[in-house]
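This is the structure I want to talk about, given as structure tokens.
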Amino acid sequence: MEDKYSDDQIGRARVKDTPELEAYYKELEALGAGALWTVANDIEPWEPKSNSVPMLWKYEDLRELVLKSSELVTPEQAGRRVVYLVNDKRKDVSAAVGWLYTGIQVTRPSESTSAHRHRASALRFIMEGNKGYTVVDGNKIMLEVNDFVITPNSTWHEHGVEEDGATCIWQDGLDIPLVNALEANDYAVYDGKQPLDYPLNYSPMTYNCAGLIPADTTTWTKPYSPLFKFSWSKVYPALLEAQKVTEVNPFDGIFMKYSNPLTGGHVMQTMGAAMQLLPAGFKGKAHKHTGSFVYQCAKGKGFSIINGKRFDWKERDIFCIPSWAWHEHHNLSDTEDACLFQFNDLPVIESLGLYQSRELEENNGHQIIK
Amino acid sequence: MEDKYSDDQIGRARVKDTPELEAYYKELEALGAGALWTVANDIEPWEPKSNSVPMLWKYEDLRELVLKSSELVTPEQAGRRVVYLVNDKRKDVSAAVGWLYTGIQVTRPSESTSAHRHRASALRFIMEGNKGYTVVDGNKIMLEVNDFVITPNSTWHEHGVEEDGATCIWQDGLDIPLVNALEANDYAVYDGKQPLDYPLNYSPMTYNCAGLIPADTTTWTKPYSPLFKFSWSKVYPALLEAQKVTEVNPFDGIFMKYSNPLTGGHVMQTMGAAMQLLPAGFKGKAHKHTGSFVYQCAKGKGFSIINGKRFDWKERDIFCIPSWAWHEHHNLSDTEDACLFQFNDLPVIESLGLYQSRELEENNGHQIIK
Amino acid sequence: MEDKYSDDQIGRARVKDTPELEAYYKELEALGAGALWTVANDIEPWEPKSNSVPMLWKYEDLRELVLKSSELVTPEQAGRRVVYLVNDKRKDVSAAVGWLYTGIQVTRPSESTSAHRHRASALRFIMEGNKGYTVVDGNKIMLEVNDFVITPNSTWHEHGVEEDGATCIWQDGLDIPLVNALEANDYAVYDGKQPLDYPLNYSPMTYNCAGLIPADTTTWTKPYSPLFKFSWSKVYPALLEAQKVTEVNPFDGIFMKYSNPLTGGHVMQTMGAAMQLLPAGFKGKAHKHTGSFVYQCAKGKGFSIINGKRFDWKERDIFCIPSWAWHEHHNLSDTEDACLFQFNDLPVIESLGLYQSRELEENNGHQIIK
Amino acid sequence: MEDKYSDDQIGRARVKDTPELEAYYKELEALGAGALWTVANDIEPWEPKSNSVPMLWKYEDLRELVLKSSELVTPEQAGRRVVYLVNDKRKDVSAAVGWLYTGIQVTRPSESTSAHRHRASALRFIMEGNKGYTVVDGNKIMLEVNDFVITPNSTWHEHGVEEDGATCIWQDGLDIPLVNALEANDYAVYDGKQPLDYPLNYSPMTYNCAGLIPADTTTWTKPYSPLFKFSWSKVYPALLEAQKVTEVNPFDGIFMKYSNPLTGGHVMQTMGAAMQLLPAGFKGKAHKHTGSFVYQCAKGKGFSIINGKRFDWKERDIFCIPSWAWHEHHNLSDTEDACLFQFNDLPVIESLGLYQSRELEENNGHQIIK
């Protein structure tokens, strides 16, 4: 703790307990009240504080267990057959970091879930498999590895894998802990089978060219992206194009955000997502900012130093960065790029005016590993 | 619990424990993981659930204790001399309801606090006294009873009472629990005395007429209202005017929102506020909606029924309504109107797409008191 | 013309006619075409150019003629009994300046017009009389001298004076020339009598306090202000308040804009309006900017210098300032303030990205009268 | 004229001239005034009225003349070597339709223009050639046939063709007549050579994937699209994709709008653009709406019926549709699709609240050719 952050100064609570005060506190307590100065320094920290710790989940550890779930329970019994990843310090709210939930879902060929919806928003990032699909509000969408797909707030949705497909594994991301904390979640089960109101892949085939949208923009009034799938087959080439002309961000590499093509804003109101390409040999500098982040390595291998601790990752590994944690990313290859997918709560942090960041100045911007 | 909300149906987790599964759960736990179906029904409730209970804080109980604080501690020792009101179920986060903090602050003539700022936003509603003032980012503003004043996110602020004033008591409202939960709060103490950069009452005297604003609107770029004080001497007559021409809202009476005159939106990004005039004899109907609310009775007397329990209030009493709690308001006088000030987290709930409401249909829209 | 604005330089058309070129031009003309370089310098001026000239209409000249119209024609014959003011250089489009129309309308006690609507927007500024009213989309609103009232795009509207009132004279402002030029105007006559759907003065009594609006903001979806009347009885005191704390704008005095309380934007999509208080002894500096302006002196006396020509005005006089004309305002009284009402096409100029301004640097910022 | 549009009814001006009135009109005229009822019916039409006529410019007629210009004048002499297309009824403002200018520009290998800028906005649609380029605010962008490129309001811009390219012909579209009419145009010549501040093709390579944008969106603050080029090589495949899943609009076929990926709005503040794919055998129905449109056939052949007159077009032909003109489009091929590029003033019409449309009901929605 730096000296400037001492609580022994004007403007901070510095009241010493006395018998008289203790009696006073009891009187207050009896009325559902308390003296602010007994808690003020705790609830007014000098800097943002996270309740989460950095964590890494290695896919090679988890994969077998995830697959095993498909032997142990059926989607019908389980609702969804998912292994969720939980932060050591956030078990009470089933969160991977901050108020974000993440899990790994497995679906076998011919399996499908029933449709449901909830106030919480969801997203997926495809890890393995073939001919998986999701149906969002009547729009069936085929999924491939490294595709990013959204099922926003209160949309009916269900997932499955075609009979002639291969077992699919994907990462789910949800804001369930946040929406529960805000005391606003709900849940409904679709009565029967969700009808397919749109042609297959309607959404991505309609919004498939940058800067070209349906001429009649009055038809889409939802507060989230009408583009539900962001295909790796388009995103990765786009990153390579951008790399040729864009300055590399010293913290985040070639840093592109998934966005709502009708607003340029985040894809959903509560969760954002981005893809970072770390060029071959990239050694990112450290900074910290508010907001919680869940990462999955989509390509390559490297490591991230988070609050002075090194976490090595390779394709499919998942890790998290808590709010206000120092972090830097390194690509371990000198010849291949690495790609990190991330999702986050930045739409919340930004819309509420809570974003701030700081760059590490010491040691040429690199953390010293503890 | 209604039958439609049974967890024994398709779409909900219905897995029974077996030794095999228990072994599996242990394996998962060792890796920082878990099986979603063991927690899914808990974290995906059928309807919004609040962790708070309805509570009423009677001013006649609290007033003496609040004044006593001014004998026990100085503002300098305490930072701010405040008795805070805490929900029986939210003591861990010092919240009055949901993620909202509220307290009662007392300042004696000639006293003033030092200036500080924080990422959390604050508001005040004046309860007693004379010649109190607040200074917000260099703008000193005089306060009178029932005035509503804001000190938004990261503005430097301090308060005091002039030498020839009378002891002031006001209610503070802050989003500290929310901003802490979102891991984004910070705090700074102003080094020395905040300079008065503007003439006295600059903000309310500049924005003092509906539909008339400074012609150069490019100068205000902040995400909150440039109007910092909303005077009771203007608000109450406005409510009476509106009452003459406006249909009475069956739930909320004459229901007006404090708003940013440059956007028509909430006064701050994280907390909103409103004033409700309940006409003489008003017997409000019951509804429920998401969002947490702290009320103070500014005028008159009446009662509110919250989740089937009656809470009687009169001028200066404070009470809270948790998210998704049934509530209805009644004016106990047949000749005088009653006015309820409230502040809330609606800016959060709305900007994140989490608002929903339901009207009580049974019993002609009135709750049966338990 | 400054040398830097010579057309004899690279980047401007400098083609000299030859017989060959003249033959070529004829060939083009036959096909509905032309050579750009023959018109380029004309259609691409170095600086904004206005087709209007500054003009002043003295009320003492016009008043008799305006009143006389009420002897010559009935409202029923005339549609509306209005004397319109026309710029010497804009007679072809019946505009007072730029694409703005203005006129002076007279209505006698007991008279009323039939209701109609048009795509063009209208506004009024009340000059004389008592118990005049307007009805806008079913909302009847009483008018007093110096009140400003709007009848936006496609609202049904009609006007009249109560039986026990006094002859009313007001200034009309419309964007008819603009909407005609944009080939989008239309017109409809209300079949029968417009019903009064709202209590008398519903709009101004509902939105009558700065920063206080109906809590349910989802009900107003129109692209213009829900506040239809801006009362002088509120505006003038507000200007005096603002004067106490606001720095005087060297060009425009105490300069306040009428605004939509739900957006902070202009009151309508095509026309804005403002009120300027010139403090006693005010000697404004000169600047010029794009946008066309029609002024009426609401109080006091003074003069404006427009493009080097002095125009003296007093209460009720009307004058115009064309786009990009140098202008400065002077209050002739050293003891009384002067107030200038103005309406303009700034919403058009601003929303299309066409605003620019320049301050006069020579002669201490004051024009030399020609 | 339908009977309902007779001016002989209440609500329209119906004053007959008398000697007394004529004397009165003269008095008014002497004061720069007039009687509204003498012009009211003219300036308040029942329906939108356009001053333009439908026109078609056949490329086979124009091409030779366009190329000939490159023998007659140099870019240096001409500023820009452009043949502009002018509406028979808009010669006074050099407009092709409404307030839109269009021209055909020819540039030979090794030629380039000097850089300039103007308040007016410009766009181009490439018709012929190879290795043409534009430089917009330091960003050089290569152009291919059927590419659409923008040079917005006040950007420095210049064009050229590389030494090893082929003569380029493109259509220019500008809002010069509009910006002149609004008295806001200006012009500046770049002093020297515009530096290339960005890598070649920076803009299209940065924004080249739908729903993927640079993560830091705070850097772009301009009111127009950061994507300057919309490549045919991406647009046409996107239209084919959309065709597979999108319902064909009965008036406009597969109808996609060029849009700003950061807002979903028009590419510039004053001009919009769109591409329509008319499927093989498409026989569009007729409607009319406000807004002026310039079309170029980018592919295929067909005809449009505009206000009852048939205009046959094929690749590269240009035609215009005036505001409120009935129009319908037909593809003459039963096997090939046809593509129509269009640009328009819809951003103006929409932002000012002036859009309206009507569908033809008679004759199964098809016009009878006069």
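A few remarks follow.
As written, the chains take the letters A, B, C and D, and residue 1 is the first residue of each chain.
The definition used in the following text is that a contact is a pair of C-beta atoms (placed from the backbone, for glycine too) under 8 Å apart; a residue touches a chain by one contact, two chains touch by 3 or more.
By chain, with names taken from UniProt: A, B, C, D = Cupin domain-containing protein.
Not measured: the values here are computed from a predicted model.
Path length between subunit B and subunit D in the touching-chain graph (shortest route): 2. Separation of subunit A from subunit C in touch steps, taking the shortest path, is 2.
Subunit C and subunit D have centres, each the mean of its CA atoms, that are 29 Å apart. Centre-to-centre separation of subunit A and subunit D, using mean CA positions: 43 Å.
Residue positions of subunit B touching 2 or more other chains: none. In terms of inter-chain touching, the protein chains here make up one closed cycle, each touching precisely two others.
By the touch rule above, subunit A contacts subunit B in their complex via residues 9-15, 20-21, 24, 27-28, 31-37, 39-40, 43-52, 55, 57, 61-62, 65, 68-69, 72-73, 76-88, 93-94, 98-99, 101, 103, 114-116, 118-120, 153, 176-177, 179-190, 223, 269-270, 290, 292, 322-324, 345, 347-349, 351-356. On the side of subunit D, the complex with subunit A involves touching residues 198-202, 205-217, 225, 227, 230, 234-235, 237-238, 241-242, 244-246, 249, 252, 255-264, 267, 274-275.
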